[in-house]
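Next come two complexes built around chain A: one with chain B, the other with chain C.
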Partner chain A sequence: MGASYPFPADRWYDRSTHMWACPTPEGEILVGIDLLGLESLGDLAYLTLPAEGTQVSRSRPAGSLEAAKMTGELISPVSGVVTARNTGAEKNPALVNHDPFGQGWMMKIRPDHWEKESKELVGGPDLGVWSQQEILRYKEQGWID
Partner chain B sequence: MIPWRLVKEDGVAHDYGLAADEVMAVRAGEGTSPPTLRLYTYAPCALVGRFQTLGNEIHLDACQAMGLPVNRRPTGGGAIVMGPDQLGVALTLPGAGEDSWARARETMARFSLGLTQGLAALGIQAAFRGKNDIEAQGRKLAGLGIYRAPSGGMLFHASLLVGLDVAHMLRVLNTPFEKITDKEISQVAARTATVRELAGRSDLTLEETRERVADGYRKEFGVSLSQGAYTPEEQTQIRALQAEKYTQPSWVHQTVAVPDTFATAREKTPAGLLEVRVTRAGAVVKAVYIGGDFFAPEGAVADLEARLRWHSADPAAVEATLRAAHAAHANELAALPLEPLAKAVATAVRLAGGGEARDAALYGCFLNPDGQALPV
Partner chain C sequence: MTLAQCADNPAEDAGKQSPDYVRISAAAAMELRLVRGRFLRDCSCGCINLLQNYDVSCTANCTYCGLARTREGESVDKSFIRVDWPLYPTSLVAEKVAEKEARSGVGRVCVSQVHHPRAYPDLIAISQAIHQAAPAVPLSALVSASTLNEERLVEVKDVGVDIIGVGLDAVTPELFSNTRGKGAKGPHSWEYHWKMIRAARRLFGPMKVNCHIMVGLGETDRDLMELFHNLKEEQIAAYLFSFNPEEGTAMEAAPRAPLHRLRRVQLVKNLVEEHGLPREAVGFNDAGEIARLEAPELMVRRAIAGGKAFMTDGCPDRQGEMTCNRPYGSYRPGEPFRDYPFRPEADDLAVIGKEMRLEDIWRP
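What follows is the complex of A and B.
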């Protein structure tokens, strides 16, 4: 039996990058990467995140990483201003692999257009079907067991 | 048959060459440039990996004295010297579209097959190993890297040693050697390999190697290769990225939050002293060196090292991998018992991750030499 790939239902997911966006009670958005995204990358060794105050745009690079399988850019799932970055994850990127939905969060963003952009992400009632399809697609491609 | 463009260039400037690789990856992802196989050489330069700290990896004073430029690749891995005897291989593919996307998500092993097939045509049996190496006879022949652009485009890059001036490399790359004598040069030469040496042909040209590598990709991926050049639009974009990124100190001299650290552990075994040296980047083991007085086939030891390269530093995971690797070479490693080896590896991994570790300045792409040991 293979590993399980949970998609917590309290957040939204970018279909192409597997970055997640989770609204906080303060109206900000926590951002991280889900388990399938991590499967594509492998163990993270380096992570750079945008400084507080940086303006980021949805679907544009907001940071960069080196992982076991490649280097690449972190693509922001939402537009807005970065209000915090997880310096603990920058110093110890393994946090992202070990706890991608918790301690492995990457940055917090004060969103510009959450209502509009959240509709471009997957969440709520659509999440179950999409996540199962994604897991199946990854298995069929041989990317996960 | 899928058409790929073949671009041949020689003696390109470091900042131009790096910009061209990145632009081609971006444009391949956008669908504005075709899949491109670029086989090229740089004018002499030294390049560090995406997240390396320049001063840790390269003798900047020596480079300045030699007039040797330095820069930073978009791909990961270690520091390298490039010049007329090192063939750069840059394959850029789109990240959208079903077939190509599937290919882009495959591992470096897949993309290295064109290279190994080309080497086979020169009589060299080489294979992908670990995170990012192509090795032959247990010796490193090429370093590999993958960069995924925001557009989804993918750059697979390899640096193939057609020839190598080891003494020059040791002058440029920062190593733990206190002085560089013939002994150090011989030691590093024994751990690296060149195409000329393995092919047994000192007269082998870079051009012939390039042709064989092109043939390798053509056959392995079932594509047609048409030689071409960059379009004016591509050239404009390359020049722009060259100016705004690859000539900028903010890119070339950037630092990272996770410094490389290393430690060495020694264990006595019935066969003699065993020494294990580990380089870590945070919670990841980047490189392992196993040396000492024992006798074991170089390929078996190299396989142990390769399996632990770019591995989680979690002690249980390290031990599990080591046990499996040792079991796979049980007969060859009879003189290198598992228990003291596992103990030395565990100690070195632990020390490299703790406050006792020192900043490492010895993680070159083509060498992982012995160095000064920490007391254990």
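What follows is the complex of A and C.
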């Protein structure tokens, strides 16, 4: 507790769900959850991810997240087809808790409308201000110290 | 420290034993902001539940318990009532309790014993540490009756504990023996548990002693009803728990009580305790299941609408309101509620009504 909340600048973030989307060199999008998103749930205990080949839509449920005392839907930050899911994280959600921006990625998506949908996410020069506002909002809500 | 970090580093926690260290329920750790997380439906955790910790875990062997001696795994890795209990220095927990008490109040703290040679002196030491840090916070002790005697109960009261909980769990002598006593190669005795329950009742007073009762260990509804009436007559509180099998225990493959059964038991318990339902108002089939409820419509409707019947049974705060609500303690937050850690709302009551299937046993 009392930790810092990094927002790596190589990816984009959904304002409401705190899911991140990170483009890969192959043109796909890795998806995961950021630290504030985890704070609002608690350490994940169960994770349900969509199967490869599933069509997912931006801002629509694609799976479920369950912590010790909270549940939530995994809301996809982008639309497209799931090309991979992190079965390691599904078996051991501690990967997400320990390394949400690395080994704790959740799924990989071949995007349908990345150019358009990335503009609805937060990234680049807007990231610093938005992330500070979010940290402040979480503190005001009493979700973090 | 996070829950996951705690569970992933059992070696790091070796040797960290009570009374210097104590385990704390996941919900209480969240409430004290020792770990991150929020509660589904924004409820809170009113009671800080603590558990003694030893390298050998618990030396009893209850067939359903995650702490059982013969359950495989490191002590600190073992869950208790399916909940992770991260380990912290007792002094830090006492400090956090005092901070929370100053910030927004703490409903109650409960110190739970395991069965261990040090369980009694360490119950005293941990209770003293909490009481010194936060003297206004009410204290409960959830005891292992087998570690106590009447003199020890007096000393427990003297250190500031005002409520005693006894984990009876199994509700008949035979079931108790098979799950906790000789039949389970365990140390517990039905007779001695009742001796301590009644000694505590004399010492602590009416409704200041509670028996934990588990639904789903193999008892019948008839067994449960009999005990509810007997406890009411002795002014001892009955706290219901819903059995939820833990992996690696002797009862890992045993099924949970069906939800309709639990709901009916919760309702009839409430009718007995708060509405004076007489023994003869409940009829049973050959299997001992509730088959008939003869109760006035107004009584039943009021009991259901009040919602209390379906809430977690637990110790009260300073104002007499239930505070030990153990959010999502006996089921996952993604599963249907078993006991509600808050008063059920209208939508919840509609769900409860469907789950209970009351029309099969009661006609208004």
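One rule holds in what follows: the second predicted complex is superposed on the first by the 144 of 145 C-alpha atoms of A that agree within 3 Å, B and C clash if a C-alpha of one lies under 4 Å from a C-alpha of the other, contacts with A are read in each partner's own complex, and residues count from 1 in each chain.
We adopt the following convention: a contact is a pair of C-beta atoms (placed from the backbone, for glycine too) under 8 Å apart; a residue touches a chain by one contact, two chains touch by 3 or more.
Bear in mind that the values here come from a model prediction, so they are computed numbers and not experimental data.
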Overlay on chain A: chain C relative to chain B, clash or fit: clash
Partner chain(s) touched by A:38 [first = chain B, second = chain C, both, neither]: second
Chain B versus chain C as contact partner of A:126, first or second or both or neither: neither
First, second, both or neither for A:52, with chain B first and chain C second: neither
First, second, both or neither for A:145, with chain B first and chain C second: second
Which of chain B and chain C A:87 touches, first, second, both or neither: first
Contacts of A:71 with chain B and chain C, given as first, second, both or neither: both
Most chain A residues touched (candidates chain B, chain C): B
Touching partner for A:99 - first (chain B), second (chain C), both, neither: neither
Among 38-46, 92-100, 218-226 or 236-244 on chain B, the segment whose C-alpha atoms clash with chain C after superposition: 38-46
Chain B and chain C footprints on chain A, overlapping residues: 40, 42-43, 45-46, 64, 66, 68-71, 94, 97, 143
Residues of chain B touching chain A in the complex: 49-51, 74-76, 102, 105, 107-108, 131, 145-150, 152, 154, 256-258, 281-284, 286, 310-313
Contact footprint of chain A on chain C as seen in their complex: 2-5, 7-8, 26-27, 30, 33-40, 83-84, 327-328, 332-334
Touch list for chain A against partner chain B, complex: 16, 40, 42-48, 59-61, 64, 66, 68-73, 75, 87, 90-94, 97, 141, 143
Complex interface listing, chain A residues touching chain C: 1, 38-43, 45-46, 64, 66-71, 94, 97-98, 143-145
